[in-house]
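Right after this note come the structures.
Here come two complexes built around chain A, the first alongside chain B, the second alongside chain C.
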Partner chain A sequence: MTVAVAMAVEWGARWVEVRKLLERPGPFTHPDFEPSPDTLKMMQENIRVLVIGAGGLGCELLKDLALMGFTNLHVVDMDTIDLSNLNRQFLFRKKDIGRPKAEVAAEFINQRIQDCHVTHYYNKIQDFDDEFYRSFHLVVCGLDSIVARRWINGMLLSLLCYEDGMLDQSSVIPLVDGGTEGFKGNARVILPGLTSCIECTLDLFPPQINFPLCTIAHTPRLPEHCIEWVRLLLWPKENPFSEEMPIDGDDPHHLSWIFEKAQKRAAEFGITGVTYRLTQGVVKRIIPAVASTNAVIAAACCTEVFKLATSACTPMNNYCVFNDSDGIYTYTYEQEKKEDCVACSQVPQELLVSPSDKLQDIIAILTDSLRYQMKKPGLQAMVDGKTKSLYLHSPASIEEKLRPNLKKTVEELGLRDGIEIAVADVTSPSTVLFKVKLKK
Partner chain B sequence: MLRVHHSMESAAPASCEQTEKAKKYDRQLRLWGDHGQSLLEIGHVCLINASATGTETLKSLVLPGLGAVTIIDDAKVAHQDTGNNFFVDLASIGRPRGEVALRLLLELNPEVRGTFVDQPLQEILDNQPEFFTPFTCVIATCLPESTLLTLSKVLWDAKIPLVVVRSYGMIGYIRIQIEEHTVIESHPDNEIPDLRLDRPFSALEKYMDSLDLDAMDDKEHSHVPYVVILYKFLQKWNQEHGAPPKNYKEKKLFIQLVKTGMREKESGENEENFDEAVKAVNTSLLPTSIPSGVQTLLNEAANITPSPTTKPFWIMARALHEFVSSEGRGVLPVRGTIPDMTADSEKYIKIQSLYRDQAAQDADWVLRRVQEHSQQLGPRKVMPSLENDVKNFCKNAHALRVIKGKPIVEEYKGSINLSEIGAHLENPESDLVWYVMLRAVDQFHSEFRAYPGYFQDQVETDIVRLKVCVNRLLADWGCGPIVKDDFIHEMCRYGASEVHSVAAYIGGCAAQEVIKIITAQYVPINNTHIYNAIAATSGTFML
Partner chain C sequence: MIKLFSMKNQKKDGSDAPKQGSQKRASAAQLRITKDINELTLPKTCDTEFPDPDDLLTFKLIICPDEGFYRGGRFVFSFKVGPNYPHEPPKVKCETMVYHPNIDLEGNVCLNILREDWKPVLTINSIVYGLQYLFLEPNPEDPLNKEAAEVLQNNRRLFEQNVVKSMKGGYIGNVYFDRCLK
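Moving on, here comes the complex of A and B:
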């Protein structure tokens, strides 16, 4: 004991564990690394880290970063606390249900860990502009939404400065991203503009597959088909609660109505297995989650943030998958930067179309291809030096006016070879430029 | 006598009257079911030393609702704990660390009970080794080599699983010591469907033969489940070739044959069910067989003479073996579940019920054998869940897993798995080298009463001394001095520091291993896991 105390005093007591890594040289450090007591000071005084999401991963990230010595943390989350969060989101208690996650998480960390200051934002990430994001040195994501991931990826890419085609390294804000689902997870390091970004690897997130409507309507064979039948077809027809009342997955009355009707439908076809839990899972699209996986993935992300901030170790290169359902399995590899990535490549995107393609076919390419997976793209073309709106989703009056364009062909719209189309979508904060190339 | 195992469907609450607990645990109940949760809730885990790695492990056990925890720790909260351990605070400096950690951990979940013991572990081991009997599992961290060896021996003899966790600089370590662990619900990620197309049971055969693809109208034809398509064309194939397609070339020919049956839809598209049939050729035509791991287990079961102390798992395995060698004619009971496929409701559900009925019939055969064995062992309590247990066992027969562990002490007393070590040390990508380094720093500690690099002014001398330890260890194992100096330097840089993010990673992994052990679902590691946070890689080794 006396040895430990003497040693603690010698090392500046509290941060003795990380200081060994920061103040001693080693064979696996980044080439830029210089052992120094100043590094910890720099982490505590200068480095601003933004944590996106205060859920399963976010709670862990805040704790991990605070205990690695970071003191200037910011967290954005638009959600409030629900009872089903408490099995893993360990900064929340029953009394906190209904309060904003970001606020409660920040309060807890600030109270537990001395000298750590977490600033919270009960907001959507889209509420902030480039100036806000430019003020951070590092961004860590613990999100369950792919659209939000893509948006923040696009935001950090939009902050890059290029001079004569050369990237200004000081404009790079590293993005560390984690994701979990049941016992599976992944962690990755993205250096925007330098290494593979979220859009380079969009095919890692295949679009969700929905059951064909005709199966649901006519040939159900799974309990899920019966639940979807109630949700998609019976509910709008019967409006059990009141006209135009949408389904609220958190309302037990709604759920039990769906459950009972689904059971009936299942019985008609001799299908077994419709349970309340399954009904809830299908209606709310629930993804299983457990404390341990979130702890592991957040820790892996935090380690990378620490490495990027201090150079005490080279960062992971650059993508790691984790699965502990059969033993503990990890696989770490380099995701390659896509030469013609729609978001990070600086290569103009080509839109290969035939003169007879309709505008709606072009939109289908943008939404359906694995490469783009856009949600509700709006299109504007530059024709003869003027901006011409081809199709926009809102406002409603404009949408109505432009709707006939959907059926018009490329030729009819005057989209000649080489014309540029600017596409705006929720998946990115900036528009993407496409150059029309006509098929020969 | 038999553990309660309900299938997930039957155990899920049937009504909408969901309890608050079910709501709170909803996201994890979808992974291990209510029966897994019940086992977790009667589990009692003991943690030795509430260091950062220790509390991080307990955290992911308290949150999902473990029954009870006991912390043994005689340390007081020090300043450095407040720099890496979330479950202490500044106000608690100087207070017993186990007590503080317990209080802050239990805050996470009011349903978990806990106790704290402020007594040196060595004293407990010396005076009351029976102290450990109530625990479902023991987690140990920050123990010197000699204490760890004593503890592991006590727990091995008492048949209590031990999970050793450790964070050392950028390196993490988990070692599971468990004599035997059996898993019925291993939840494999990718299952090959059990369709029996090569050896259809009579009810399946009868139904299949009653269908005539050519006589169907287009709508019905495009909604025949692909099992039927494969069955029909397999018959055709067999008439010509005598045996199902085996290799790539034959399968390709078979696919061509299946395609001849496809009708063109009005839209010009392929019939989806035929497309699915073509895709399923690779997995669905594999001959029905017993996976090698299951065969090993059955061979072991064949040699068992059931006694009152035989675990239920092995009695069921014995009955399963008997099924395979008689009723089953060399294969396992029918699993009873089929994959989803394009189909009309009536045929799909009919075929599903054929498989399900055969599975029930097979399971019933096994059940009767289990009952016979049980009766021979004398009167026992009536087990209301026995039927469900056997059903579940048969349904999972293809995925049964048995882990035979090794005591930690064997790693130290000459019977370490040298072939594993030798093979991995020659691979520069392998993380096993870090195991060697951890063993070496422990030897160093035994000799010098401190870890290498612990004191700032001794890093350089310690490098030389640690190198001696490493070489001695390798010499003992008969391996050459093939460990690069880089690893030795890096270990001395760490100076036994416990860094939070590494502790949190190891804590998360170890907690899930404990949950696997307690719930007997999913598959734990066997037996050593090394995490390398430098490269974000890991490896599992059987030592």
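Moving on, here comes the complex of A and C:
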């Protein structure tokens, strides 16, 4: 038997197991689920999935989704491949070092998995606009950054459409988010506007460990203190490479310089344990990654993508933690939506104004009407993607600069239909959003 | 539980014009800083400067203490609020060269809530009070400028004289301080 025949046989039976899930009813299927051979076709031909991150989790996610039958995959990653990635980021080889992760990952999958097409973007997620994100049915994240998570969360929330205060469910793009740290991980399903979001649960993220500056400066006790001393105090003072050059954790020259200076400092204080690896770890804030944790979390995430795309099963509700540092522990619970979440509990309220209204008239509405009864509202608008301060009560320096705005009209301030105004006031624990609607 | 994709609304290629969601929204960090700034209550010794009033993420705080060692001085701090605020504290640097146990000559400030004790419930106002307190009660126990801390601990009178001298503009040891009297 030739290899080609063996392959054909293998591919022929490729969808047997997936079909069992999609063509038969079961106790866990979604109430609206209709078993049908068309579902597999729809999943293969129509569903566009965006994978954010092509690192430890990203490689697993792409492999899992491609093998499940998704053919229209897109991957964004801003990083290039480093030698230290190769133990777990299995789509990369030694020859790929230095190349963009998204590109190499896409090439590998496209070549290896029949009919799958991965489009790659060697970019930051912030490089794309709402148009781009709106074009996907689902977004899966394998990120190591809180800022990036908050950004994509905010982006998907901004795509929601409301009609008379009711959410238009066709504007919801589910976000499946995975995260790992050593032997611990979590997977969660976020339905923007419907379930708890990243911002609702921001306090679940472990705070960054910061040592007191005075300890670093004068009473170091740990090797980390010595490295932090070089990073925070010595580098900006000596600017070893050139003026104002920030530390690049991927530049071996930078790391070697920091390592040497940290060693000297450690010797001065009789501290042992400063190694090149530790230096790299502290400067890049590396937490050792474990391949098996990535595999488990990515599998959980992809299962959710499959469920959301096909309705073959109701999705996880909605937060799963996993820990296998000591035995195996996993628990899934419903992380509740925070009622005053600045990001997702804000359905912008309509603010009906006429183009000739002055800003002070709007403020009068906010303070005098029984509905709002605010005390000292501060207003900031979002115009063409930029913040524009309309009026703030404090501090004095800014209040003086903005005071002339009070006499300006809605038209003069450039407040068009649909522009959002963030209003901060002592009567509410967080900033409230309004949306300008011009009287006809 | 909603069913997100029916077989009917599966197109995503722009063939049916996508509904416009709202425009780009202010980030959570921006929404929070708007509130922080609008509710800033500055003590009479403090003032702010916003080079661009539309950008609340970058500004300066000017402290002119009216009592204590630093009475009569004028000290400028730069604030940079990052996209991860309030999960992470703002970056604060002292732009005025100052002879102070908890502020080094590069402008690094040793204030616990700016680093290890920062919590998202704290606000810009908390930092303002923290900085003001540093001028009223310099703390020689947690020094960043060790020389200044030693003087404060061993000879309060000399420390007081050094502070006055540095604020008038002059050398303390071999370090020159620019005049920073109000």
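Following the convention adopted for this analysis, the second predicted complex is superposed on the first by the 312 of 440 C-alpha atoms of A that agree within 3 Å, B and C clash if a C-alpha of one lies under 4 Å from a C-alpha of the other, contacts with A are read in each partner's own complex, and residues count from 1 in each chain.
Note that a residue touches a chain if its C-beta (ideal position, glycine included) is under 8 Å from a C-beta of that chain, and two chains touch if they have at least 3 such contacts.
These figures come from a predicted structure and were not determined experimentally.
J.: In the superposed arrangement, does A:202 touch chain B (first), chain C (second), both or neither?
T.: It touches chain C, and chain B stays clear.
J.: Looking at the overlay, what does A:314 touch: chain B (first), chain C (second), both, or neither?
T.: both
J.: Considering only touches as defined above, state whether A:392 meets chain B (first), chain C (second), both or neither.
T.: The answer is second: A:392 touches chain C but not chain B.
J.: I'd like to know which partner A:422 touches here: chain B for first, chain C for second, both or neither.
T.: Touch status of A:422: second partner only.
J.: Have a look at where A:134 lands relative to chain B and chain C in the superposition and call it first, second, both or neither.
T.: In the superposed model, A:134 contacts chain C only, not chain B.
J.: With both complexes superposed on chain A, which partner does A:32 reach: first (chain B), second (chain C), both or neither?
T.: second
J.: So, A:404: does it touch chain B (first), chain C (second), both, or neither?
T.: Touch status of A:404: no partner.
J.: Please indicate which partner A:348 is in contact with in the superposed arrangement: first for chain B, second for chain C, both, or neither.
T.: The second partner, chain C, only.
J.: Which parts of chain A are touched by chain B and by chain C alike?
T.: Common interface on chain A, chain B vs chain C: 314.
J.: Would you pull the chain A residues touching chain B in the complex into a rising list?
T.: Contacts found on chain A: 1, 3-5, 7-8, 10-11, 13-18, 20-21, 24-28, 60, 63-64, 67-69, 83-84, 86-88, 90, 93-94, 112-114, 182-183, 187, 215, 219-222, 252, 255-256, 259, 269-273, 275-278, 280-281, 286-296, 298-300, 302-304, 306, 313-314, 316, 320, 323-328, 330, 332.
J.: Chain A touches which residues of chain B in the complex?
T.: Per the stated touch rule, the residues are 9, 12-16, 18, 20, 23-31, 52, 56, 59-60, 63-65, 76, 78-80, 82-86, 89-90, 107-110, 169-170, 174, 186-189, 223, 340, 342-345, 348-349, 352-353, 450, 453-456, 459, 486, 489-490, 493-495, 497-502, 504-505, 507-509, 511-513, 515, 522-526, 529, 533-538, 540.
J.: Sort out for me which residues of chain C touch chain A in the complex.
T.: Listed in rising order, the residues of chain C that touch chain A are 1-7, 9-14, 18-28, 30-32, 34-35, 37-42, 47-50, 53-56, 83-84, 87-88, 102, 104, 106, 108-110, 112, 114-116, 118, 120, 142-144, 146.
J.: Which positions of chain A touch chain C when the two form their complex?
T.: Chain A residues touching chain C: 30-33, 38, 42, 46-48, 129-130, 134-137, 146-147, 150-151, 154, 157-161, 168-172, 174, 191, 194, 199, 202-203, 205, 207-208, 210-214, 217-218, 232-233, 236-237, 308-309, 311, 314-315, 342-343, 348, 376-378, 380, 382, 385-389, 392-398, 401-402, 418-420, 422, 424-426, 430-431, 433, 435.
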